[in-house]
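In this document, chain identifiers A, B and C correspond to the written order of the chains, with residue numbering beginning at 1 in each.
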């Protein structure tokens, strides 16, 4: 199904250069060029994919991969349509530095909220979206949380995000004190994450697994 | 200037006959409903309990307050590794080789001295993953569910402290 | 029609001009009981008539997807519970299926039966909450008490089975946590035997009541085309007359073995796709669930309840999209794995999120009280909307 669809898409939309990726495990997908996404989606809708189930993005080191999950309720099919966009600059709250792609709201109205979520969480500028605002985080939030390099802002309005009083350091200090008391840090094993260079803790953790 | 067009739901035209039929239907169906409700006045047992006087007994595998029997703990850190919210803090020191050999209840030798075993109950989400991985079954969910406290700090239970170890007789069922 | 910068000349309701005053902006929620959680709907009204409704989400946002990237595959399950907290069993099942399909795990027969059993009991429990709270939305308090009494019985069985009342962590990758014993099976049987005639009574009490029909029929109409355009699923889609149920159309688990019908709204009391139809679909789905539970009780086999799963789960690199039919609609998990101990990306397709996006098309032209009826009838859980 994917091969046929890819060749059909390539003939219908010349700029799409659709390629079918067949997977041995899990789901196969069709990858297209990001510039032609709107035309491809129009073509797919006329092919019978009448429902846009989900729009999601995945952050890789060099690109952001957008996945449009489409379904055909009459023929009972589903399709993972993929496209890649550059990462752009995801710091701050500036739409101009984000990667751009055409919005598909004109094809399926359901894409409205899905694209807004995608913009909010991954920082992708959907050009032509009727109402591209943040949806889950506040309008003036900085950064895009689902990006791999996202760092939580220190201050939001006049509130401190993650104030030190709420971070549990007491128990971490206990292990440090214990190591100093015993003298030999290799003899102490602790459960929290800063166990680097502590062979016993690592060994124990491995045993535990 | 802008004109907004709103869609009006199409409903059947209301005639005089319809109006009377509606009134009749409303009275009739409400009376039927009242009849059903009325049957509940007699012959139904109360399903609620009066809480502080009557306390509910939870099923034996109910997941409530955690209790670690520190004497049987071998400090394997499996509970802390499996905890999705990282609320278990353990510190242990390697037992000297010349110290007397001790064992847990089920015969597992203890090679580490437990120095700290703290669970932040305020963070805990009672998923039960820590109790299922525990090899000596010393960490258990008890059926004790009344432990509200005034400060977040007091929700942190140090299972080596004597006052918390004293719960054992009260909340752990052998 | 999200914001009006231009001055408004007139507002037409059908072919009738209605502007009597300036537009009034009202905030419904986030602490309003009729929004079923922390949903804020900004509504613009002309006297009693809603001109525009804009949902504002995110009050319960926990960024579950980011959490999942730092958790091992077993540790995700308790988080999954907390999305749709009224249908936690179904949420867990979808997640477990996703991972099992990637791992190629064989789930024992008994575990499959238990999964169907708990998922259908959960569907009844979830629809009972809908039914009870919808009664309150409509001004009938009695149903709430009746429904919670029956739901309590299901929760009690779940509590004995899993140890928790709402957030079970019961369906694990490869099987289920605990085996069900004969005593519990008898109690399930007694419950469905007792519950079926009760449900008929409830339907007579509420669904046939003229006042309830007046409040719900011809109100909040969603046509078939609108539903497909917005991607609505579950009872909302079926209420609009589309015969689509994943349990029938793409059977997972053991559903192809069981005999049940898909309930579709037919516009019995009003127009197809109105609030009454969605109510009707949910009530009669409970009867279908009872049918399935009876078949499970007849067919359940002895055997183990946990398949062979490695102690450390490492899902091979690849991706998968798995969807299941939850009480509120289709739930989809899109998992991308790079072969490590944690998911590289786990995206949840939530049906409630899609349904909330339909509020701006339901609301205009309605009375404010009818908007309450519409929000109640699409039955959202904000934990799943915001994730």
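We take it that a contact is a pair of C-beta atoms (placed from the backbone, for glycine too) under 8 Å apart; a residue touches a chain by one contact, two chains touch by 3 or more.
Since the model is a prediction, treat every value here as computed from it, not as a measurement.
Chain contacts in this assembly form a complete graph, since each chain touches every other chain.
Chain pairs A-B and A-C differ in how many C-beta pairs they share in contact, with the greater number at A-C.
Measuring from the averaged C-alpha position of chain A to that of chain C gives a distance of 25 Å. Chain A and chain B have centres, each the mean of its CA atoms, that are 32 Å apart. Residue positions 209 of chain A each touch two or more of the other chains.
For chain B in complex with chain A, the touching residues are 75-78, 80-81, 86, 88-94, 112, 115-116, 118, 120, 133.
Contacts from chain A toward chain C in the complex involve residues 23, 25-27, 29, 50-54, 56, 58-59, 67, 69, 73, 76, 78, 80, 108-110, 112-114, 117, 121, 130-131, 135-138, 145-146, 209.
Against chain B, the residues of chain C that register as touching in their complex are 1, 4, 6-14, 16, 18, 49, 51, 71-72, 74-79, 142, 149, 152, 159-160, 163-164, 167, 169, 177-178, 201, 204-206, 208-211, 214, 218-219, 221, 270-271, 364-366. On the chain B side of its complex with chain C, the touching residues are 1-11, 22, 25-26, 28-30, 32-33, 36-37, 47, 58-59, 61-63, 82-84, 125-129, 132, 141. Against chain B, in their complex, chain A makes its touches with residues 168, 171, 174-175, 178, 182, 186-193, 200-201, 204-205, 207-209.
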